[in-house]
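In what follows, chain A forms one complex with chain B and a second complex with chain C.
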Partner chain A sequence: MANKQAVLGSGARFSGKISNAKSIEINGFVEADLVTEKVTIGSTGKFIGAVDSDLVVIAGEYEGKMQAESVWLTETSRISGEVHYKSLQMDRGAALNCRVVHNWNENASTKVDETEKETSEVSDEQKDTK
Partner chain B sequence: MLGRTNETDTEKSIISSDMKIKGKISAEGSLVLLGSVVGDIKCNSLSVEGSGSLKGSIEAEVITVSGKCDGQVSGDFVSVKSTGKISGEVFYENISIEEGAVIEAQIGKRQNKK
Partner chain C sequence: MTEITYISEELVMEGNLDSAGSSVVVAGRFKGELRAKDVLLEANSIFDGNLVADKVTLGGLVKGEVSANTLNVASSAKVEGNLKTNALSIDLGAEVSGSITRISK
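Take a look at the complex of A and B:
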């Protein structure tokens, strides 16, 4: 069994805090703050809370503030809250009801309201991944 | 494919070895604990592996302990492997303890609820 991969099954409910995870797959109901490298929210999964991750794949429901390098929202995903991303992929059918902020490069982004609130978070992530 | 999982596997939960969790977990299926949890767990079958540690109470039908448990352990079938350590309280209906297991707990047989 791959023990780097954490899984929360479809019948599972969790509330609390998750840290130090490498890769996590959520098919159940989770209400938590999560710091990880890769997170997958399966089609039966529901996640409420903040996410800080390199890669986020969502096929289920998400509610909260997300900060991710790379985000993939599949056709069954439903998102509400806030998404901060560097690269975003969205499939046809994805339901977004949220604020979406691109913070790949602060200078390149056109001046919108994001500048005043997000500058502190953006400033340390100026890597140009071109 | 990402985001799509094997149907038979969706009931199973795994807390990986590098993972730390604070909070409450309840699951209908089985749970494998390789990481560390501070909080309560309620599920059908729980397996605390050698690298796993738990602080809090457990309530499950089948409990297998190869790692560390600190708190109240309550199950229909409790099995403590040779590497298992339990401190706190243990309530069981059926129990098996392997040679080498460390148990520093109050142990009592539970009344059958069913």
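Take a look at the complex of A and C:
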């Protein structure tokens, strides 16, 4: 496995601090604050705490304040708290009880065009549905 | 679904990890309480704290207390602390300092 990664098994419970992480996969229970590049919460996983990540994929349960470039909430996901995102995908069945904020923060303009493209696509789709 | 818990190189985890029914492999750093069925601390890992498991292999830098039914200290290990075990093997080259006792039944 590449460096700076962690996988938490489905029976594992962790609470504490995780640092210097690039990618985290959670199939158990984790209570922590995370700054990383990729977070995956598996269908058996539950995460409580703040997340700051480029990509977040959730199939399990999440509680906390999340700040992410791209968020994918699958059909089994359950979210509470706050989601700040630039690009969001939500599958039918995803359960959200949270505040959802599309943030155009100051970093957005300095980041690559990719996110702009994505967000413009989203707005095009929104126009179509109206 | 993955049962195993893996902490790869350079990653730092501090706190309490309870993985009673399954295995934990640490190649990075762990500080705190670790409880599991099997634990493998790989050659470049750093562990500081309290470890309780059924079967443990120590391969990296270990500080603190280790309690395991079966304990293997690999040749790459540097251990400073208390080892509690009922079945112990220490490979040639391992650096161990501290006390070794049996787990009272």
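Everything that follows uses one rule, which is that the second predicted complex is superposed on the first by the 98 of 130 C-alpha atoms of A that agree within 3 Å, B and C clash if a C-alpha of one lies under 4 Å from a C-alpha of the other, contacts with A are read in each partner's own complex, and residues count from 1 in each chain.
We adopt the following convention: a residue touches a chain if its C-beta (ideal position, glycine included) is under 8 Å from a C-beta of that chain, and two chains touch if they have at least 3 such contacts.
Just so it is clear, the model here is predicted, and its values are computed rather than measured.
Peer 1: With everything superposed onto chain A, say whether chain B and chain C fit together or clash.
Peer 2: Taken together on chain A, chain C would clash with chain B, as the superposition shows.
Peer 1: Of the partners chain B and chain C, which touch A:Gly42 in the superposed model: first, second, both, neither?
Peer 2: both
Peer 1: Would you mind checking which one, chain B or chain C, touches more residues on chain A?
Peer 2: B
Peer 1: Can A:Phe14 be said to touch chain B (first), chain C (second), both, or neither?
Peer 2: Both: A:Phe14 reaches chain B and chain C.
Peer 1: Kindly classify A:Gln5 by the partners it touches after superposition: chain B alone (first), chain C alone (second), both, or neither?
Peer 2: Both partners.
Peer 1: Should A:Ala32 be classified as contacting the first partner (chain B), the second (chain C), both, or neither?
Peer 2: Both chain B and chain C are touched by A:Ala32.
Peer 1: Which of the two partners, first being chain B and second being chain C, lies in contact with A:Thr74: first, second, both, or neither?
Peer 2: first
Peer 1: If you stack the two complexes on chain A, which partner ends up touching A:Ala59: first (chain B), second (chain C), both, or neither?
Peer 2: first
Peer 1: Which residues would you name on chain A as touching chain B in one complex and chain C in the other?
Peer 2: 1, 3-22, 25, 27-28, 32, 42-44
Peer 1: Which residues of chain B touch chain A in their complex?
Peer 2: It is residues 2-5, 9-32, 34-35, 39, 43, 51 of chain B that touch chain A.
Peer 1: Name, in rising order, each residue of chain A that touches chain B in their complex.
Peer 2: The contact residues of chain A facing chain B are 1, 3-25, 27-28, 32, 40-44, 57-59, 72, 74.
Peer 1: Using the touch rule from the top, collect the residues of chain C that touch chain A in their complex.
Peer 2: So the residues of chain C touching chain A come out as 1-24, 27-28, 32, 36.
Peer 1: Okay, in this complex, where on chain A does chain C touch?
Peer 2: Going by the criterion above, the answer is residues 1-22, 25, 27-28, 32, 42-44.
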